[in-house]
Amino acid sequence: MNLNIKREELLISQLANLLKNDNHVAVGAASPIPGAAALLAKEEAKNFNKRLRVTILHSNKYNNFTDGARELFDCAAQGRIDTFFLGGIQIDGNANINLVGTGEYPNVDKRFPGSFGSPLMYFVVPQIILFREEHSPRTLVKNVDFISAPGVSDDNIYRPGGPKYLLTNRALFKFNKKQKKFSLFKLNMNETLDSIIELTGFDFDVDKDLSEMDLPDKTRIETLRKCIAPMVSEFYPEFANRIWGV
Amino acid sequence: MNLNIKREELLISQLANLLKNDNHVAVGAASPIPGAAALLAKEEAKNFNKRLRVTILHSNKYNNFTDGARELFDCAAQGRIDTFFLGGIQIDGNANINLVGTGEYPNVDKRFPGSFGSPLMYFVVPQIILFREEHSPRTLVKNVDFISAPGVSDDNIYRPGGPKYLLTNRALFKFNKKQKKFSLFKLNMNETLDSIIELTGFDFDVDKDLSEMDLPDKTRIETLRKCIAPMVSEFYPEFANRIWGV
Amino acid sequence: MKSFEEFTVKEIVDQIEDGILLGIPADYSGVPMTFTKELINKGVKNLKLYCLPLTTIQGDMLIGSGCVSEIETAAVTLGEFGLAPRFSQAVENGKILIKDSTCPALHAQLQATEKSVPFMPLRGVVGSDVQKNRKDWQIISNPMKSSGVENEPILLLPAVQLDVLVFHASYADRNGNIQIGRRRELATLAHASKKVFVTVEEIIDTDFFENELSAATCLPALYIDGISVVKNGAWPCKLPGVYESDNDEIKKYSIAAKTQPSFNEYMKQFLKS
Amino acid sequence: MKSFEEFTVKEIVDQIEDGILLGIPADYSGVPMTFTKELINKGVKNLKLYCLPLTTIQGDMLIGSGCVSEIETAAVTLGEFGLAPRFSQAVENGKILIKDSTCPALHAQLQATEKSVPFMPLRGVVGSDVQKNRKDWQIISNPMKSSGVENEPILLLPAVQLDVLVFHASYADRNGNIQIGRRRELATLAHASKKVFVTVEEIIDTDFFENELSAATCLPALYIDGISVVKNGAWPCKLPGVYESDNDEIKKYSIAAKTQPSFNEYMKQFLKS
């Protein structure tokens, strides 16, 4: 069976696998792949007579909030959001993320937008999935130049949440909180342990069950293309058009 | 000219005199006389091309708030309310007010509803007018049994607001913050300094300009009866009916 | 397809265990009186009531019926019908623990939970007997170097999380969103509660979120654990914008409640109604 | 009778003095672009921008035009059109002071002013370089005996009061109430500002408070110091529910803004438009 699965579809499928136990997934701005994954997981949950709530901040329709822009953060702090996605211009081996810039702060060499809500969300949402498509030594670094939000905290710090996974174009890592270290878990097609070692700036463990990323089956691909694509086109029209021509 | 001015009308008129410099007057629940006074002051301000905003919590129409029940307190804390009215089952010579009960707390001899918002409002609203119709040794006492809100505070305590006047059926007092003492300012008809001394449980000074309460003139009484009475009947129907038969 | 849990009032009452901290809405926020009646019928005990910021007959009836061990409130009153007699007597006789508070403090303690911070600061209140009698409140010297005068005392209020909130509202939509309009204190209450149940006059076949303006009037379904349709569910209290309070009934109550025996008589009838 | 001050945009701009702390709404809250254009035309200097919680071309243009000395924000970005070039370069070259923050902290600092408390606590953030670079933030050990673990560090954020807030909205009513719908962060901004001016698409001859539901969608007139009618006043940004952003124009800007000379060229045209 050749479904001509696209790279983006494969990534969406990986993320959807991680949302199966959730009641409420929230997706920040400019995140079409996480957004599509959340909607796919919501659709699939119906088959198990389960309700998954999806909040997509970029969309009016999937924005469940009515208390203004602060409600996402309050809601997360209350423990009402199970999964949230964060990115990073740099991510390091301790799961520290940098959304601010490279070089020495404050007058960095290259300035990026800023930390957004990450310094809170990373602490309070139980499952943070780090998602950064580019997998290279410049994105996955030994130490970030600026810690927008730390991967781990001391025991006396209130932290019910934190990093659980890191997904890139090439691989899926689990994060081990005790060892403060990522563990390679899934490889994209055409990737090997060696290629990942070469392209990753930090040390990582290798999961004993390391395997290839599961391909989405025909049912999932059909759900994605027929049912989810039109939804996505509503709030990420450019993305939906590029991937699915809708 | 005999306008047959009623007791309530005279009190409304006294209160309206105190609101002339205000931009925003707020009135709590169950306060028909302060409510009528605020609306009268608002109407009269128009003659000077001035806008007085009136918030009457008991009314939907004169409720300017949209942020839920906390907005009154936030708004007052922001300094956006110039005058608010407070009562008290007991009021003492230091302008301490008691809305909780008589006797020893907590299992008081007679329990009243509670302190409502007074412990904050008394601190932050620049002009608090104490209003208690009954003027007797049991309401105006030497020391209140329970301080719902203190009349004065130490200098290191944030307190832009506090008591400015106390109006009863019989008299109007000014409050002198420095001396922590009331000063008798206006007498109702048929009252004398001696009658007030006899009926007041606390010591007070006498203002050098002590005089009788000014009677409302014909224009004011007409405004009150023709224009304000129907407004009041909307949110204090029983009161408006009793006083004005509307 | 309804995408929320629809309950009977009895099923909501089944969720109320002895000893829980129960959120009590003010008379203007939608008092769940039918629920309260069933709660008294069940004979629940040792409730702790957290009023935002006050209660009227709901609290007075629960206290008179022996369901309450503790109440945190800014006031209990029957409004124009006078004092709340069962409350007053229970306090005078030491039958319930009264945690006297003030409206802004009751809001702030819930806002602390809304943000998951351990406390909220509040100005004012310092030096009152309200403050002096609250052992769970703390006063610290303002630690913020950039603000205030020297040694400014600041009141810290602990975060309070409610076990259950129940209120009555006019409408839910087909997705379980509740129309609350300007009564945004209900959102604060819901955000700070582990469980939220709502009785409504009607579930209407619409989606409040289809339109930005009607969305703005809602408490989102994500905070709601169950909904029950109860016509006149606030009676004899008012449901703002839908019906006024039944003043004859409240007056009748205010007279009957003056003594425990006549209260008991009244309640016998009321619980059957 | 209109019961509020109606201004021209120029009259609003006249209220903006050099060096003030100016509230900047996010792209979803109604960006006052016509006002911004006139502000740049006036040549205002040393503005401090407080973004709730981010800014797009409004902030980038003000920075590129030399109007800004300091910015407190969670992000500056052109969204799908990439980085904000004038912001990025100004930070890289040390031309402006950047106070990096995070969305919940920007909200909480205004909420402190909303309540007139000197600070607000926040959890999270501790240990980040965001926190470590903010000398105006303080960390204390949780003073609340009843909560938290031992020696739990708690971040305290100072209350921030804005000098002026300006935003763009769809409608004002005849009494000067502003329809904000779900954009309730505008209420927080307004509560925390000394002066608030609003540009609107239209003033409509109605009273939003006549109806409880439409009242719930409003920012009350009592917080508003002046209103100016400006058709398309958010262009090229979107006005949610009324018009989308003009992506062609923003793309054009994003390219032109890559260097200061081509930014200057672009602005010459833009300021005349």
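Lettered A, B, C and D in written order, each chain numbered from 1.
What we mean here is this: a residue touches a chain if its C-beta (ideal position, glycine included) is under 8 Å from a C-beta of that chain, and two chains touch if they have at least 3 such contacts.
None of these values were measured; they are calculated from a predicted model.
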item	value
Partner chains that chain A and chain D have in common	C
Contacts common to chain C and chain D (chain labels)	A, B
B-D compared against B-C, more contacting pairs	B-C
Most distant chain from chain A by Cα centroid	B
Chain centre separation (chain A, chain C; CA means) in Å	39
Inter-chain centre distance, chain B versus chain C - centres from mean C-alpha coordinates, in Å	29
Chain A and chain B, separation of their C-alpha mean positions in angstrom	59
Multi-chain contact residues (two or more partners), chain B	60, 65-67, 73-74, 77, 124, 158
For chain C, residues contacting two or more additional chains	104, 115-117, 122-123, 148, 152, 182, 184, 187, 212, 215-217, 240
Contact graph of the chains (line, ring, star, complete, other)	other
Chain-chain contacts as defined at top	A-C, A-D, B-C, B-D, C-D
Residues of chain C that touch chain B when the two form their complex	26, 28-29, 52-54, 73-77, 79-80, 83-84, 87-89, 91-94, 98, 100-105, 107, 122-131, 133, 148-153, 182-188, 240
Complex interface listing, chain A residues touching chain D	29-30, 60, 63, 65-70, 72-74, 77, 99-101, 105-124, 146-150, 153-159, 238
Parts of chain D lying in touch with chain C, wherever the complex brings them together	104, 108, 115-123, 136, 138, 140, 142-148, 152, 154, 156, 158-159, 179-182, 184, 212-217, 240-241
Chain C residues within the chain A interface of the complex	3, 113-117, 184, 187, 191, 209, 212, 215-223
Chain C partner contacts - residues on chain A that touch it in the complex	24, 51, 53, 55, 60-61, 63-67, 73-75, 77-80, 124, 158
